[in-house]
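Note that chain A is present in both complexes that follow, paired respectively with chain B and with chain C.
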Partner chain A sequence: MSDDAETDGGTAIEVTPEDGNLVDRLVAAKDGERFVAVAAFVGVFAMPFVLIDVLGVFDTLIGLSLGGFVGLPTLILSFGIVAVGYNLLLGYTGLLSFGHAALFGSAAYAAGIFSNNVVASPLLAVVVGIAVATLLSWPIGFLSIRRSGVYFAVLTLTFGQMLYFYAFGPGSWLTNGDDGYTPFDVAGGPDLLGFLAMDASITTLFRDITGLTLTLTDGLDMTVGYMLAGLVGVLAIVVAHRIIKSPYGLILKAIGQNEQRVAFVGLNVFRYKLMAFILSGVFAGAGGALYALSKAGLTVHPDATLYWVVSGDFVIITAVGGVGSLAGPLIGAVVFEYIRLVVQGITVPGTEFQIGSLWRLLLGVVFVVVVTLFPDGIYGGLSSLGDRLVERFGAATDADTDDRRPVEEVEETGGDD
Partner chain B sequence: MVDIAGILLTGLQQGAIFALLGLGLTIILGTMEFLNLAHGALYLVGAYMGLFIVREVSVQEGLLAGIAGDPTAVGLGSSFLVALILTPILMFVIGVAMERFVARPLYDRTEVEQLLLTFGLALIIEELAREFVGSQPFSSYAPDKLLGFTVGGQADVPLVGLYPRWRFVVIGLAFLLIGLSYLIIERTDFGLIVKAGTRDSEMVRMLGIDITRSYALVFGVGAALAGLAGLVGGTIIDVAPGIGTNNALVPAFLTVVIGGAGSVVGAIAGGIILGMVAAVFQFQAPQWSQIVLFGFVAVFLLVRPGGLFGSVEVGE
Partner chain C sequence: MSQNIDRRDVLKGAGAAGIAGLAGCVGGESGGDAEYPAIGNYPVEGDEVVLGFNVPQSGPYASEGNDELKAYNLAVEHLNNGGGWVDMWDDLSAGGILDKTVISVEGDTATTPATAEESATQMIRNDGAIMITGGVSSSVAISQQKLCQQERVQFMSCLTHSNATQGADCVRYGQREMHNAFMTGKALAPILVEEFGEDLNFYSMYADYTWGTSNRNSMKRFLEDEGWTQTDEAPTPLGESDFSPYMQDVPREETDVLLLIHFGADAANSIPAAFDAGLDEDMEIVVPLYDTIAANSASDDIGGVYGTVDWNWQLGEEDEFAQAFVDAYREAEGGVPSYAARLAYSATMRYAAAVERAETFYPPEVIKQLEGHEYDNTGIGEAVSRGCDHQSQRDVFVVQGREPSEQEDGALLSLVGTTDKETAGYACDAGPAANCELGDYGEDS
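Up next is the complex of A and B:
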């Protein structure tokens, strides 16, 4: 809860001190929508460069294969988008769902099935994925939200597992069961708007248009597919930011902190919780569809999309990155996918020792350490460090910083419920 | 007719293991209001313990294969009876240690944080198992003889026909253990303190009773029960790192949900109901059995949120 938004009868007010030095102004701007959009854009499109090229330097320098591979950023984005939405539920509304794999997986399958049976259009596939996940999150949310705490978690888990076992067994005619489903099974791969091949890179496009040859590093040489995923990602981040900063988002946050009091004020808690669930379903749908796109011509398997362990992965991503913040889940997605897909391939230099299957163990340890030491996740830890730096270098007086008491603190002194 | 009796027996046998699992989970949940997602990992540890006590197996992958060298046979190759005595003792110690170092710092944290941390712990234990003995499944280790009696092979039972002898032993053993735990909780002073602690732990403390010690004991008993479930389960299914979550954690939670959190009778009833439902559909429509099982639990949760015997909902 390090946001600077204060409440005034339900309206969010941005604190924008015109005075103060550069540090203060930066701090004030950091919650503005334009800032978030620009930061998201830069972050999303710089990510491949950082992961593949910058970290790849270690490969050549000391033979430590820290660099990512070309498909990694897309996977990070698809999981990151789901986590951003999931965080609306866990981080703000305080509902721990163990069934988001159902929404993610259904969207992935829906997008895939649509692409093979109707039209192999990536844009429409994303729309279909979102639509299916949203429609599915409605009944699942409607039923699950009737119970709270562990019972909510178990209910979402049961719905997710039902879908998983359906996709595995009786639904094989639709999902191809254990063999996996191949989305976008079209010759030459899918294309965007009928002429941009999804796997065409910037350099190819540049050459085709201008006739000149452009040389870029692997990370900068993005594919059309990644650009689409990136744009969806930026859009998702901006939408999530808008939701979080709106009065609606504040109510969700209030429900997470004290459900009873929100009900006392006369608000329909059930409806808000349901909307939070559905909203997170929209994000899960977008992420799932992008996942299906990244697997174009490959296979989508129930184990990697619908299984409850995938739901657990979303929980880990969100909690490790930091619940209750916009950047947290994205950081979590980067860390998670990096450990899952890159660290496991690392061989310790000078020895034969490979990390290999240790990655899950490493992930578990990272997860436990982060949850124990930084309940607000990596982002929470970083931002409290940042706050200290701002306090040190900002011109704002101490009184100002004291005013921004964490909401939880107020809560504790507010009496028992 | 023959089929029905067989199905019911299988259901009873599965249900007995579910009940053992659910019992361990529910006493920890009821007493300390602590949600242990690592319960399935304790089952896993129990199953491996049984494997290495009862058998001498050839470990092909993992660190243990490297340590054992050649030949890679690891294990005591002792009798099932030894495992039956050693496993609960070792698991009890592990449970007490877990209470001290994992659960105690978490009592004051939120439910979500408890779930997250024990989930992480479960992940770590499962992966450690995978590191040490590899992902290879070891075949189940049902003994042929126990206390001089032949327990292997098939028995010709009236109404049922040929049925594996060992499954009868499993049913008997599980219900013996369940009965014992029931007596400990319902008939001893220790059980009384534990039950009082569920209602009002502060009051118990004011009466001069060291409730933290009871907590450690409860956790130990819960872990021992999970370990025993693992030991018994490992005689029926293959032992592999994945069984902790798939074959133990999820059924244990479903059992507790059906029976009602904190209820001993509920865990027993819930386990048997769950086992029966699973068995019937495994015979009739194997593809649909898991779907029906989860659907059943979902409907149950929605219609009777407190479970069969639960008085309070956790987290309400």
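Up next is the complex of A and C:
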């Protein structure tokens, strides 16, 4: 909870010190929406380059295939977007849902089924995915939020598993069951707005338009599909940021910290919790639809979308990256997918030993280490490191540094414990 | 991963009509100089070539997957250093494929299409695999070959028996040597009728995915053609551990024959469950596709049970290639190979030989070498990997489980008949082939 702004009667105020050095000004700007949008944009569109090209250097240097591959960043984004929304629920409102696979998976299937039966439009598919996940999150949330703690988690888990079993068996007329559903099953793959092929990349577009050959590295040569996912990702981050910084977000945060107090003030806690659940459903829908898009012509399978393990993955992604921060879930998604898809394939040099299915063990170790060392996740660890650097190099006054203490410390003075 | 740089150019440039220079391009590949346009992971640079072995190392088919992996490693060993079929095939010689050392990457499909697809993606894009092979489940094979068609990477199916694999879901970049459910039905139905009698009722219990449903359909079709009647059918989820409730539902009075369409751990659980429920006293049990590894774990309960297999190591007595493989496997691993192992070994060798014949790794040329190729050197007798649907037309072996007292030295099954490929097979416009549209080679012409 390090990115709190100063509050005044429920309105968020941005601190903009006119004096102070560059470090202070950056710190002050850190929570502004424009800064967040620019940072998200840079982060999202630099990610393929870092993952594929920069890490790919190790391939040639020491023969260890640490580089990502084309397609990995899209998967990271679709899971990352779900986690950003999930974090509104877990990190701010304090609700541990174990059923987000249901929302993610339903959106993926809905987008896929829509694409094959109505129109194979990526944009409309995203809209349909969001709509279905939102509509679904309302009843699931409505019924689950009536119970708290373990019972809430188990109820959401139950809803998720019900959908999983439906998709697997009885619903296979719709979902194609265990064989998996092929979304966007159109010749040549789906296209954006009727003319931009989703798998066309910058170089091919450049060549089609100018007739000249442009040479880019794999990481820089983004596809239309990735750019779409990237824009949805940036939008998701900005929306999440706005929610967090709004009075509404502050109430969610307050519920996460002390539900009774919020009820005492006269607010309808149930309604806020339900809205947090539905909001997270919107994000899960966008993520699910993008996932289906990344699987165009391939397979969406219940095991990878609706299964309870996927719900657990969202929890792990959010917790590893940093609960209660905007960037945390995205960092978590990068770490998680990197371990799952890249580290998994690493063969230890000089031996024939491949990590393979041991990746979950490795992920467990990473999870334990991160949670033990940085209870606020990787982002929490990074940001406290950043704070120390700011203290060291910034010329700021004490008031500023005070403000950067965790909310609990500031607000829980004279608490009821 | 420099091989990848202009892959997409080729993919999407189809409209740009880059015909020039393709027409007269035949001949050997020298020192990595590409004579064909880049496509998929072609050209193969450096002095190594990567093959991707994507097998189930977890999930209900893990035992079969592990046996495949042993055979794959054996194949790599032979391709690089000689031995086994490499010494016997004219097309092959030690020293790798086209003088490039063969190295391999492994993946775990976890017996689920989603995971298989992801590990195959990684092999193709990260490791630069020129060919992917492996898999036990048909849904896994289908998802992988869809990906391979998109990525322009050859996929050699290993153990997949669903009609859809080289039927409705067939792709140009896929090849299957194993027989399919249709051929099983054609081969098995007449033998069952002859053995058990006419006008019988059968009950079908099947794993609820493409392989199970296509076996249910094909067995139903051919048994009903013979005058039998299906009373009912029951789907079971893949990976089911307790089959006893399903066995209780089988109507004992009216059922004469029970078809158990299960494989791997499913079969190892369901066959004993049928015996435990005493169904063997009231009806005959038939396993249309025998899994020799599962038969091993259910060896007390397979006496008299009919089914088909891709191959059995006992065929080594009459086929020198089968024998060479059994010997090499026995020496390397101890014990006898399952047919999953033979399929894996054969898939690798057939691909390597096709590359050698094409004298290039350029996928369209390799595919053309496989299309219509007649061969008799994979331990299953004479076969042809047909051009119209990429389904090998080959003999089907009908087997029967031995009573526990007659099982010796790992010989659990007896060969009761071989249905030749003309009888078991089907024309290009019939059966599963009628639904097959292979898709394109991906060439720019």
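As a convention for this text, the second predicted complex is superposed on the first by the 405 of 417 C-alpha atoms of A that agree within 3 Å, B and C clash if a C-alpha of one lies under 4 Å from a C-alpha of the other, contacts with A are read in each partner's own complex, and residues count from 1 in each chain.
What we mean here is this: contacts are C-beta pairs under 8 Å (C-beta built on N, C-alpha and C of every residue); 3 or more make two chains touch, one makes a residue touch a chain.
What you see is a predicted model, and the numbers here were worked out from it, not measured in a lab.
Of the two partner chains placed by the overlay, only chain C lies in contact with A:Ala197; chain B stays clear of it. Of the two partner chains placed around the shared chain by superposition, chain C is the only one that A:Val70 touches, whereas chain B remains out of contact. Using the contact criterion defined above for the overlaid structures, shared-chain residue A:Gly312 touches chain B, although it does not reach chain C. Of the two partner chains placed by the overlay, only chain B lies in contact with A:Thr372; chain C stays clear of it. In the superposition on chain A, A:Asp208 contacts chain C only, with no contact to chain B. In the superposition on chain A, A:Tyr166 makes contact with chain B only, not with chain C.
Using the contact criterion defined above for the overlaid structures, shared-chain residue A:Thr175 touches neither chain B nor chain C, since it reaches no partner. Once chain A of one complex is fitted onto chain A of the other, the partner contacts of A:Gln344 are limited to chain C, with no touch recorded for chain B.
In the superposed pair of complexes, A:Leu361 makes contact with chain B only, with no contact to chain C.
Overlap of the chain B and chain C contact sets on chain A: residues 169, 357.
Put simply, chain A touches chain C in their complex at residues 52, 56, 59, 65, 67-71, 168-169, 172, 177-180, 182, 197, 199-201, 203-204, 207-208, 213, 215, 217-218, 221, 223, 295, 297-301, 303-305, 341-342, 344-345, 347, 354, 356-357. Only residues 35, 105, 109, 111-113, 115-117, 119-121, 123-124, 126-128, 130-131, 135, 245, 250, 253-254, 257, 261, 286-288, 290-291, 294-295, 297-298, 301-302, 305, 313-316 of chain B touch chain A when the two sit together in their complex. Interface residues of chain A facing chain B in the complex, by the touch rule stated above, are 90, 94, 96, 143, 146-155, 157-159, 161-162, 165-166, 169-170, 308-309, 312, 315-316, 319, 357-358, 360-361, 363-365, 367-368, 371-372, 375.
Every residue of chain C that touches chain A in the complex is listed here, in rising order: 1, 4-6, 8-9, 11-13, 15-16, 57-58, 105-108, 110, 112-115, 117-119, 121-123, 125-127, 139, 142-143, 146-147, 150, 208-210, 235, 237-238.
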